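Take a look at the structures listed below.
Next, two complexes with subunit A in common: one pairs it with subunit B, the other with subunit C.
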Partner chain A sequence: MRNIFILGKVELLEAIRNIKFVWLAIFFTILGVTQPLIDKYMDVIIKSLGGIDGIMMDPNAPKPLANEVLLATFSGQFNQIGLIVLVISFMGMIATEKNSGVQGFIFTRPVSNLEYIVSKLFGNWFISMVCISVGSIVSYCYTIYLFDYYPFINFLLFLLFYSLWILFVISIAVLLSTFISSSIFIGITTIILAMIFMLLGGINETLALFLPSGALTLAESQLQDTHSNYLLMIAPIIYIVISLYAAKVIIKKI
Partner chain B sequence: MLSVKNLSKTYKGSNKGVQNLSLELHEGDICAFIGANGAGKTTTIKSIVGIHTFDEGEVKLYDTNLKDDPEHYKSMIGYSPDTPALYNNMTGKAYIELIASLYKMEADELDERLRYLLKELKFESAVHDLVSSYSHGMKQRLVLIALLMHNPKLIILDEPFVGLDPNATDFLVNEMKSRASEGAIILYSTHVLEVAEKICNKLVILNNGEAVVNDSMENVLKKASLNEIFRDVTSNE
Partner chain C sequence: MIAIKRVNKAFRGKKILKDISFDIPEGECIGLLGPNGAGKTTLIKCITGIINYEEGEINFNGENILNFKNDIGYLSQNTDFKQWMTCEESLRFFGSLSGLSKTYLNENINEVLKDVGLQDKNQYKVEELSGGMKQRLGIAQAILHRPKFLILDEPVSALDPVGRNEIKNLIKKLKEYTTVLISTHILDDASEFCDRYIIIKKGEIIGNITNQDETVNYKQVYFQVDLSDSIKPEINLNDSYDLQEVKAGEFLVTSRNSIKLTNLIAELDKNNLNVNSIAYEKKDLEKIFLELVSDV
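Presenting the complex of A and B:
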C-alpha cells in the first residue's frame, strides 16, 4: 500500500512537471462549455456563420433542461473527443517506462508487480478525474447559468459513477501496456474497446449489467433522473479486478 | 551468500542468452563478470536482479529465493545498470528520496549516508538540479548514490566505470573494496581488466552464454594475465 502511494505520487509529480494537469484541464473545460453554448446560442452561431438560409430553426422548440444539456456534454463531447484525448494522455504510462528502462529499474527495488500496476492505474485515474472534474464543474456552472437549476449533489453522484468508467478505461490501457510496446497501438486499441463497450452498453440495460460500460449507463441514469440500478456497478468492478490480475500475471512473464 | 544454480535464459527468435550458469559468491567476494559484447553478461545480471524472468534455474541470496520472495530479495540488493534509466523530470534529490522511501529508510539514516555519498561523489551542488540536465557521468553518479545508500548485501554493477571520471572511478573502486571488507557481495561486469585483476578475488568469463572460466582470480592468474586469458577465450568464438 505504501509503495502504491509512493509510485502514485511519482505519477502526479510527472503530470505536474509535464503540465499535463494544466492542458488536460483546459481541454476538458473547453469541451465542457462548448455544449451549453451551442445549445443556448445555436441561432446566433448560425447567423454569424453566414445566415440561416436553408436552415429551419423551430422558434417554438422547447428550451432543453439542464440535465439534458449536461447529458449531451458527456455523451457528445467527453465520451468521444474527450475520451480520445484522455487515452492519448495516458497511453504511454507503462510503455514509455518499459522502453526507456525505468520500469526495469523500478523492478530491481522492493516493489511488487501489482503495486507498480495499481499505482499506474490509480495515479492516472486521479489525474484524469481532476481534469475531467474541472471541465465538468465549469460545464455545470455554465449550464445552470444559461438554462435552469440542477441539483449539484446529483451531478456529483453522476461524476462518481462516471469515474468508475474512466477507471475501467485506464485499466484496459494498463493491461495492454503489459504486452504491447507501442504507445499508439495501446491508445488505438483502448479507444476501440471502450467505444465497443459503450455501443453494446447502449443497446439495453440488461446487457449493460454484464458490461463495464454499465458504470456509464448508471451515471447517465443519474443525470436523466430515472431509476438507477446500482447493480450496474458490479460488472465494471469485476472487469477492473480481472484486468489488474491479468496485467500482474503478464508483466511477470515478460 | 549468493547462489545461482543452472541459470538459463534465452530470448524468443534468438539463440543468445545464457545457458546453465552456476555461481556461488560469499560475503566479502568481489567477482568480475567478463566477456565479449553479446556474451550474456547483461542478460545474466538482469536475471539475477529480477528484471528478466529466467527459463530455468534458481537464484538465492542467503535463504531468500528470488522467485519465491522477490520483494525481500530485492530489498537486499543494489543494482547499477549499464545505461542509467531515471525519471528525467525529477531533481536528483527527489529521485534519491523516492528510492529511499521504497527501501523504507528513516530520515536520519538517509541524511547521514547521503551526506557522505554526496561529498565523496562531488554531487552536493548538482543534487537540486533536474536529472534531464545531467551528463551521462552525472547520471551514473546519481545511480551509484541510490545504489549504495541503503547498504545492500549484494551489489551488482553492469559496466560501472563507463562514463565516470577518474575521481568517481577511484571512489567506486575504494567503495567496492570497503563494502566487500564489511561483508557485502559484489558482482560486476566490466571490460576494464586491469582494475578487475587488482580488486577481484573471483572471476567468471562468459562466452556465447556459457561460463568458460569460473574460478578464483588467484588460480586464473597463475596460468596467464587476464588480458591473455580473455583474448584466448574470445578468439575461439
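Presenting the complex of A and C:
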C-alpha cells in the first residue's frame, strides 16, 4: 500500500510539473461550455456567421432541458474529442517508463507488479477525473444558468458512474502498455476499443449488461432521470479486474 | 551468497538463457563478460526481478532473491530517470521505494551524491544532466540503501576518461564491503576489479575463470638450460606442447591451449634438466575471452 501511495504521488507530481492538470482542465472546461452555448445561442451564432438564409429555425422548437444539454455535452463532446485527448494524455504512462528504463529501476525495488499497475491506473484516473470534474462543473453551472435547474446531487451521481467508465478506459491502456511499447499504438488501440464498446453498449441495455460501457449507459440513464439499472456496474468492474490481472501477469514476461 | 541454478529464459520461442548456473560468494567481485546479445543483460534482469524466467532458481543466502530486493543495488545499462525530477528527488523516490526513512534520506542523499561527484548538482533536473552524470546518478541510486549485493551493468561505458577513473575508484571502494557483479565490455576495467569472470555466449556459460587462472595461463614460455656440461639436452614434452630451440640452450614452448606453468615445470622435471631461468608471456583476459567467444 505504501508503494502504491509513493508511486501515485509521483504520478500526481508529474502532472503538476508538466502542467497537465492545467491544460487538461482548461480543455474540458472549453468542451463543457461549448455545448450549452451552442444550444442556447445557435441562431445568434448562425447569424454572425453569415445569416440564416436558407436555414429554417423552428421558432416553436421546445427549449432543451438542462439534463438534455448535459447529456449532449458528455455524449457529444466528452466522449468523442474529450476521450481522444484524454487517452493521448495518458497513453505513455507505462510505455515511456518501460522504454527509458525507469520501470526496470522500480522493479528492482520491493514493488510488486500489482502495486505498480494499480498506482498507474488510479493515479491517472484521479488526474483524469479532477480535470473532467472541473470541466463538468463549469458545464453544469453554465447549463443551469442558461437553461433550467437540475439537482447537483444527481449530477454528482452521474459523474460517479461516468468515472467508472473512465477507469475502464485507463485499464485498457494499462493492459495494452504491458505488451506494446509504442505509446501512439497504445493510444489508437485504446480509443478504437473504447469506441467499439460505446457503440455496442448503445444497441440495447441487455447487451450493455455484459459490456464495460454499461457504466456509461448507467450514467446516461442517471442523467435522463430514467430507471437506473445498477446491475450495469457489474460488467465494467469485472472487465477492470480482468485487465488488471492480465496486466499483472504479462508485465514481466516481456 | 548468491546461487544461480539452471536458469532458463525464452522470448518468442527463442532460448535466451540456457541452463545458467554459477555461484557468487560473499565479498567476491564477479565480471560478467560476453559479446553483444550474449544474454548478459537478460540474466541481470532475471537476477534483479525485472523480468521473470521460466525455469531454475536464483537464491540469496538460500532463499529466493526476490525476497531480498532491499539488499540489492542495481545500475542498468541504459540509465534513465524521470526527466522532470531533480537529482535529489530521484534519489528520494527510489530510496522511499526501498523503504528508507525520511531521516535516513535526509542524512545520506548528499553524502552519496558526493561519493559519485554530483554534490553540486542535487537541485539539477535529470534532463539537464549529461550522459555521464546520469550514469553517476544511477550509481548513486544503486548504493543509496547500502546494498549487500551490487549489480552494475556497464557502469563506466558512458563516461569520459576522468569520470571513468572516478567511478572505477568508487567501485574499488564499494567492493571492499559489498559483493559485486559487473557486466562490461571493457575487459581492462574488468581485470582491475574482478576476482572471477563468467563468460557467456549465446545464452550459455562458456567460461568461469578466476583471476588466478588468468595469471597461470600463458601464451608462450621461454626457458634456458644450463649447458656447462656441453651436452645437448634431449627434451621430450607432452604432445600438447611445441618445442623450439631459439638458440643454444634457450628454448621456446608454445601451445595451442593455455600453458599452465606448474604443469610445464613438472614436464621439464621429468627430463632431468637443469633449468637456469624461465620467462613467459602472459595470456591476458582479452586473449582468453577472444579464444572462448571465437566461433573457430
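In this section, the second predicted complex is superposed on the first by the 254 of 254 C-alpha atoms of A that agree within 3 Å, B and C clash if a C-alpha of one lies under 4 Å from a C-alpha of the other, contacts with A are read in each partner's own complex, and residues count from 1 in each chain.
We take it that a residue touches a chain if its C-beta (ideal position, glycine included) is under 8 Å from a C-beta of that chain, and two chains touch if they have at least 3 such contacts.
The shown structure was predicted, so the numbers you read here are calculated from the model rather than taken from an experiment.
Trainee: Taking subunit A as the common reference for superposition, should the pair subunit B and subunit C be classed as clashing or as fitting?
Mentor: By the criteria stated at the top, subunit C and subunit B clash after superposition.
Trainee: After superposition on the shared chain, which partner residues are touched by A:Ile46: those of subunit B (first), subunit C (second), both, or neither?
Mentor: Touch status of A:Ile46: no partner.
Trainee: May I ask you to decide whether A:Leu37 touches subunit B, subunit C, both, or neither, giving the answer as first, second, both or neither?
Mentor: Touch status of A:Leu37: no partner.
Trainee: Determine, under the contact definition given at the top, whether A:Ile237 touches first (subunit B), second (subunit C), both, or neither.
Mentor: In the superposition, A:Ile237 touches no partner, neither subunit B nor subunit C.
Trainee: Taking the superposition on A as described, I'd like to know which of subunit B and subunit C A:Leu200 touches: first, second, both or neither.
Mentor: neither
Trainee: Please indicate which partner A:Leu209 is in contact with in the superposed arrangement: first for subunit B, second for subunit C, both, or neither.
Mentor: neither
Trainee: Is A:Leu160 touching the first partner subunit B, the second partner subunit C, both, or neither of them?
Mentor: neither
Trainee: State which residues of subunit A lie in both footprints, the one left by subunit B and the one left by subunit C.
Mentor: On subunit A, the overlap between the subunit B and subunit C contacts is residues 2-3, 6, 10, 14, 17-18, 100-102, 104-105, 107-111, 252-254.
Trainee: Report the residues of subunit B in contact with subunit A in the complex, numbered from low to high.
Mentor: That would be residues 46, 49-51, 53, 70-72, 74-75, 77, 79, 81, 83, 85-87, 89-90, 94, 98-99, 101-104 of subunit B.
Trainee: Could you please specify the touching residues of subunit C with respect to subunit A in the complex?
Mentor: That would be residues 11, 45, 48-52, 69-70, 72, 74, 76-82, 84, 93-94, 96-99, 141 of subunit C.
Trainee: Please output the residues of subunit A touching subunit C within their complex, sorted ascending.
Mentor: Within the complex, subunit A contacts subunit C at residues 2-3, 6-7, 10, 14, 17-18, 100-111, 252-254.
Trainee: Which bits of subunit A are touching subunit B when the two form their complex?
Mentor: 2-3, 6, 10, 13-14, 17-18, 100-102, 104-105, 107-112, 252-254
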